[in-house]
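Before anything else, here is the set of structures, which you'll find just below.
Heads up, the next two complexes both have subunit A, just with different partners, subunit B and then subunit C.
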Partner chain A sequence: MEVFFQTLVGGLGFGAVYALVAMGFSLVYRTMGLVNFAHGQVVMIGAYAASTFYMSAHVPFFVSIPVAMLVTGLIGLVIERVLRPLENKDFDLMLIGTIGFGMVLESLATITWGATGHAVPSPVDTAPLDLFGIRLRTYSLVVLGIAALATVALVLFLQRTKRGAAMQAVAMDHEAATAVGIHVGRSNAIAFAIGAGLAALAGALVAPMLYVNPTLGGSLGIKGFAAAILGGFGNIPGAIVGGIAIGLLDSYAAGRFQAYSELVVFLVFTVIIMIRPTGLFGERTVNRA
Partner chain B sequence: MSTQRTKQLVLSAAALMLAASTACSAPGSTSEDQQDAGGPFKIAVVNAQSGQLSSLGQWEWKGAKLAADQWNAKGGINGRKIELELFDDQGDPTVGTNVARKIASEGFVAMIGTAESAVTVAMIPILQQSKIPNITSGQSPAIAATKSPFAFYNGPTSNTYDETLAKYLVDDKGLKKIALISNNGSYGKGERDAFTKALASRGVTPVDDQVVTTDQKDFSAALTSIRQKEPDVLFVGSEEVEAGLIVKQAKELGINATIAGAAPMGTPVYLQTAGEANAEGTVVSSPYLSNDTDDASKAFAKAYQKAHGEAAELHGAKAHDGANIIFTALKNSKGATGQKLADAIRATKYAGLLGDFTFDESGVGIHATSIGVISSGKLTESAK
Partner chain C sequence: MRYRIGAFAVLGIAAWFLPYGLGPYGIHVVDIAVVFALLAVGLGLAMGVGGQINLAQVAFFGVSSYAVAILTTRAGFGFWTSAVLALVAAALVGVFVGIPALRMQSHYLGIVTLGLALAFTNWVTNSTITGGADGISGIPIPPLFGIDLSSEYLYYYVELIVFGLALGFAGFVAHTGLGRRMRAMRDDSLAAGAVGAPVPVLRMTAFVLASLYGGVAGVLYAGLVRYVAPETFSIANMFLLLAMVIIGGRQSILGCVVGAVALSLLREVLIDFSVYAQLGFGVVVVLMVVLAPTGLAGIPARITRVVRRRRTAEHHATLRPFAPASAPTDGGTGAGLAISGISKQFRGLKALQDVSMSVAPGEIRGVVGPNGSGKTTLFNIVSGIYTVSAGSASVDGTVVTGRRPHQLSRLGLARTFQNLRLFGQMTVLDNVLVALDRSSMWAAWRYPLWPFGILRAERDLRVRAGRLLDQFGLTDFADAAPKSLPYGIQRRLEIARAMATGPRLLLLDEPAAGLNGEEVGQLSEIVRSIRDSGVTVVLIEHNMGLVMSLCDRVTVLASGGVIADGTPAEVAVLPKVIEAYLGDSMNTNDIAAEVSP
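Up next is the complex of A and B:
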């Protein structure tokens, strides 16, 4: 029982990070129909940016996160602007373009910060809470709280604001959206920027839990992508459920199957997708008719 | 008429291709005439320059470069300069085998590296076939198990590290409740096997034996299982970054056991990743505990600091010793290559930073390590 609950806590911590990564993937897919393969690398840039502000410039951690989100938001804007000529015309080329951007980001990170990477001290330095023998890392609780806040903010943005509605309109029918005066390119740029910001948030939060180096985005990106697909690609609540599911699955598989945990996680994922190809909550994306 | 034309075209293209292929040498063969009597000695340094293990690669390169520069400043080997070339194996065995083929076909006389046992084991068959001696920083006994006459260690094997560690923990300190956590990579598996063997020879059975993947991020399940067994010692068999994460999470979960491990625990990367407070009291088995051990290590550390602007540590020292051994063997054998160079390396007796090297048939040169304990962020030799 003790092992069960402790694993649950550990899995939730990383699950929140995967959920944030998955939300970024799903948002871009939902509004633009594009799978952004540079997403994992954007997570890494966010982690580097936040940890550099935190460690070198001594900016308080919870201030360096929004700063990092701004920086990566700008990167998102640049990517979208470069790929804009392909929008709504050739999704496959756009996808390949994002793969290219991913490589560029990884190389830039290696040039700027070196290949070795660095460890980030935990910003919340208190001792773990002891709840009936289960240790709760205070930092994990902070991560869960921030991820929940980000989710609520995103959902409110999409459903309650004009811009959010505009983004959904563009996804439904971009020509009709243009007809009612929505600037499609700008709307997509904002979607990309928010996606990048979410990636940066995930990266910044996960940095003290792991080790920041240019290949950080690889495994987080793959698991985040799997989480987004599991929950239903383009579905925001689905992304959250998928992220938490992957995080929990990862931790429990590690406990039960030890060295074969990765294999088990992706086998389970494959089986679920075979049974329900559109994911747990169904896909939501642009109308490409 | 057009079919005639096409036939001519195809025939001439085939003839051209045939002619072109004869001009290329067969893959993997070494061109003997490239190594002419007066040119510099080309030695390859292969290590991870990217990825999670890249810190090892950087330290190794710096240590080897320092050695090469020191020799070149004194005129090289018998008047011929040493030319080091760095290759990135990305910590990936597949990339490593590609690099091995590249080295074999470009006339390198020897190879320094890699620091990752898995990559070294993958490269050994190709290096053996092309007769290129290789001195590695890896410590997995799997390297000696390949029985290649061209593979040498520039440090002790996991067996030595863990035998010394087990002796200290069980014989000297009387700690019998020992739990293991290791990863399923070549190094981690080597550590687990070696330490379990060393414990078994003392009649000690581990209270828990957990295996994790090299990429794992959350160790809650494994560590909680260990915590329930209430061990005195937690032995960690994985590389620097993962070991640091394991220890950090272990301390957060309230595991108060003494942490013990081999070479990775003596690096600054481990200290920073685990956090100084969590790494306090870690028992480390290492042949190079600190830069202040004796005059030779102080001189080395000073030169390293001057050349590279950072403090030296075990892996830089290992690469420095390894490079020096290759240069000494080249000097003694008057620039021999292939089997003769391998024999010369085996016969080399070298007083290095890690100790006195004497090689045996398995390619191991150092047969002892020391025990240190981390206190206040510094690794100091333990009081016996």
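Up next is the complex of A and C:
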């Protein structure tokens, strides 16, 4: 029982990170129907940017995060601008285009920071809390807290601001949105930038938990992606539930199957998605003939 | 065509003499490039022809390489026995990876296949049977009638022959019935099902073909390098392979080969700057999808298009008049349609409630009603796109609800779509050919075993397609892309495509939408002629003039239920209908005057 809870708690920290990655995916997907396969690489750039500022410029960790978010936000703008001619035309091509961007970002990271990567010391180094015999890493709590704050901020932005409402309108019908005077391109660009910013937040938070290297994006991105699909693509609360679910599955598989955890996670994911292709909270889309 | 054969011959000869000009390292690089070319052809078949995003191609490659390695070194099988078993294993994995494609498409499929590829790498790096991160060495040299295949020069010729056969087969599949059905599915899976292409089987076929090419590549790789390790089958290589296919042109088999060979060689040239090479490939992929989505293979066509546009002022193609068929083709009068008690709910929304109607053989039936009254939903149910919540429909006594669209197409049911669903990246001729092709998927056994049968059937189809295009006056547009044609011609093409399936019951969903007055007149003539040739016609239409003059009987739907059923003259004067259709304050004398003779 104790092992079970320990695994559960261990999965929560990563789950929060996956949830942030999934939220970025979902935000971009719901506004422009595009799945950004470079998202994982943006997370990796965010992790590098934050940890580099933190370790070499000796700024506090929580100051380096906004800087990293700015950097990736700009990258997001560039990706969106380059792929804009394909928007609402050919999603498969856009998907491949983002894979191309992923390759570019990964090689740029290797050129800038080298192929070996670096470890990042935890910015919160207090002893783990002991709660009924379960050890809680303080840093995991910090991650959970920040992820929750980011979620609330995103939801408020989407629901309470004019810009957010405009993005929702574009998501529902980009032609109608154009007709009422919304600049669809700009709205998409902002969605992309925010998504990339969330990626940097996820990357920065995960940096002290993992070893930061250029291939970090691959598995983080795919797991975040799996989380987004599991929660129902485009659904923000779903992304959080999906993220936590993948985090727990990951942590459980790591405990039970050790090195084979990735294999188990993806097989389980495939089976779930076969049974419910629309995810847990996704809307059933109807083919309109 | 003659030029093409000549070019192939020249390339073949050049490839045959290539090793004489290469050093030992050069030939190794070329041998590896051939393996990648095979992989790229498989990926091109799945992605470019079949439209299935497949990011597990390296896993197919890996499964077969590892199968050869394990079976030869650990189980003691001979190389060629292992090779055959490895192909079987790759095909089985292809089926397994393809199963998700039955339920999801596009990016979902991309992530699932990528996840499965990662699962495969995870397994090979950790399992003891695969030798973990060290891989497996000591794969025996493939024996071949005493030819020493440890020489990479001689191995090159084995590869070349296998590759030539594989390339020929891929081209053959892509340009005949099977490939045409796959392209139709890629362009519009709903419409492909409606013209009789079995979409689920085709999706699996795309994955099995991809996995077989991956399998052949894996066997050749194992025999060439005689050592397998996880990094060969990494995601980075998957993306490299994707770059090859995109840069070369995914919809062209030759383009995939060009891309694969070019990038393999470039990668070797830039081996000391591999990171910069990856950066460059990524940049080129991004530029390609934005600027030249058809890849290198599409560039000649684009150039000729520009040149031709400059040279000839305008292409003088004209829509010829429709030529009515002389007599009923099989003497039949069409099929009767009986709908009884159909209800359809989308979550809370009741789109149809207890709808019943029956259409007699040889009738032209109009279905009218305000927008949102459930007309198209009814068509979607009858044509197998939706399932029903309750009730059933039958055509000539055969229950059609609960069957897939392609099965219904075989029963003699055809339809058109409200918003036009032509196969956008295929020519007009191909659009018709897909529908004319009534062969069962079982007939695909002839592809490996009796290709001449396929060619003969192909020739026969083309003759019939020519006749059909002639009849519909579309001959001048046979090679045009549907999207480049005026709207009225596209509408007519859609009817021609539906008629190509040889239906006994034809459902037309708003066939007059967007047509001008003259075209509506032609449509009316076409529909009558179709009925006279022995086909029952049901049409949804908002053009009341057309409905009133054309239809034998009219069914009126409102808010998901039938509110009237009768001859046009009877229906048009019913107060209920007038209220539902026009609102109660409208002056209805005009319509009444138009209808009464």
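Just so it is clear, the second predicted complex is superposed on the first by the 281 of 289 C-alpha atoms of A that agree within 3 Å, B and C clash if a C-alpha of one lies under 4 Å from a C-alpha of the other, contacts with A are read in each partner's own complex, and residues count from 1 in each chain.
FYI, a contact is a pair of C-beta atoms (placed from the backbone, for glycine too) under 8 Å apart; a residue touches a chain by one contact, two chains touch by 3 or more.
Since the structure is predicted, the reported quantities are computational estimates derived from the model, not experimental observations.
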item	value
Partners on subunit A (subunit B, subunit C) - clash or fit	clash
Touched partner set for A:Gly197, first subunit B, second subunit C, both or neither	neither
Touching partner for A:Ile96 - first (subunit B), second (subunit C), both, neither	second
Partner chain in contact with A:Pro128 - subunit B first, subunit C second, else both or neither	first
Which of subunit B and subunit C A:Glu262 touches, first, second, both or neither	both
Subunit B or subunit C, by number of subunit A residues touched	C
Subunit B versus subunit C as contact partner of A:Val104, first or second or both or neither	second
Partner chain in contact with A:Ser219 - subunit B first, subunit C second, else both or neither	both
Touched partner set for A:Tyr211, first subunit B, second subunit C, both or neither	first
First, second, both or neither for A:Gly46, with subunit B first and subunit C second	neither
Stretch of subunit B penetrating subunit C in the combined three-chain arrangement, among 22-30, 256-264 or 292-300	22-30
Common ground on subunit A, meaning residues reached by subunit C in one complex and by subunit B in the other	110, 115, 219, 259, 262
Complex contact set, residues of subunit B against subunit A	49-52, 54-55, 58, 183-184, 210-213, 215-222, 224-225, 228, 241, 244-245, 249, 252-254, 269, 272-273, 275
Residues on subunit C engaged by subunit A in the complex (per definition of touch)	51, 53, 99-100, 103-104, 106-108, 110-112, 114-116, 118-119, 122-123, 125-126, 190, 235, 239, 242-243, 246, 275-276, 278-279, 281-286, 288-290, 293, 346-347, 376, 379-380, 383, 385, 417-418, 421, 509
Subunit C-facing residues of subunit A, complex	35, 37, 82-83, 85-86, 90-97, 99-108, 110-111, 115, 218-219, 222, 225-226, 229, 233, 259-260, 262-263, 266-267, 269-270, 273-274, 277, 284, 286-287, 289
Of subunit A, residues touching subunit B in the complex	2-3, 6-7, 9-11, 13-14, 110, 115-119, 121-122, 128, 130, 135, 137, 209-211, 213-215, 219, 247, 250-252, 254-256, 258-259, 261-262
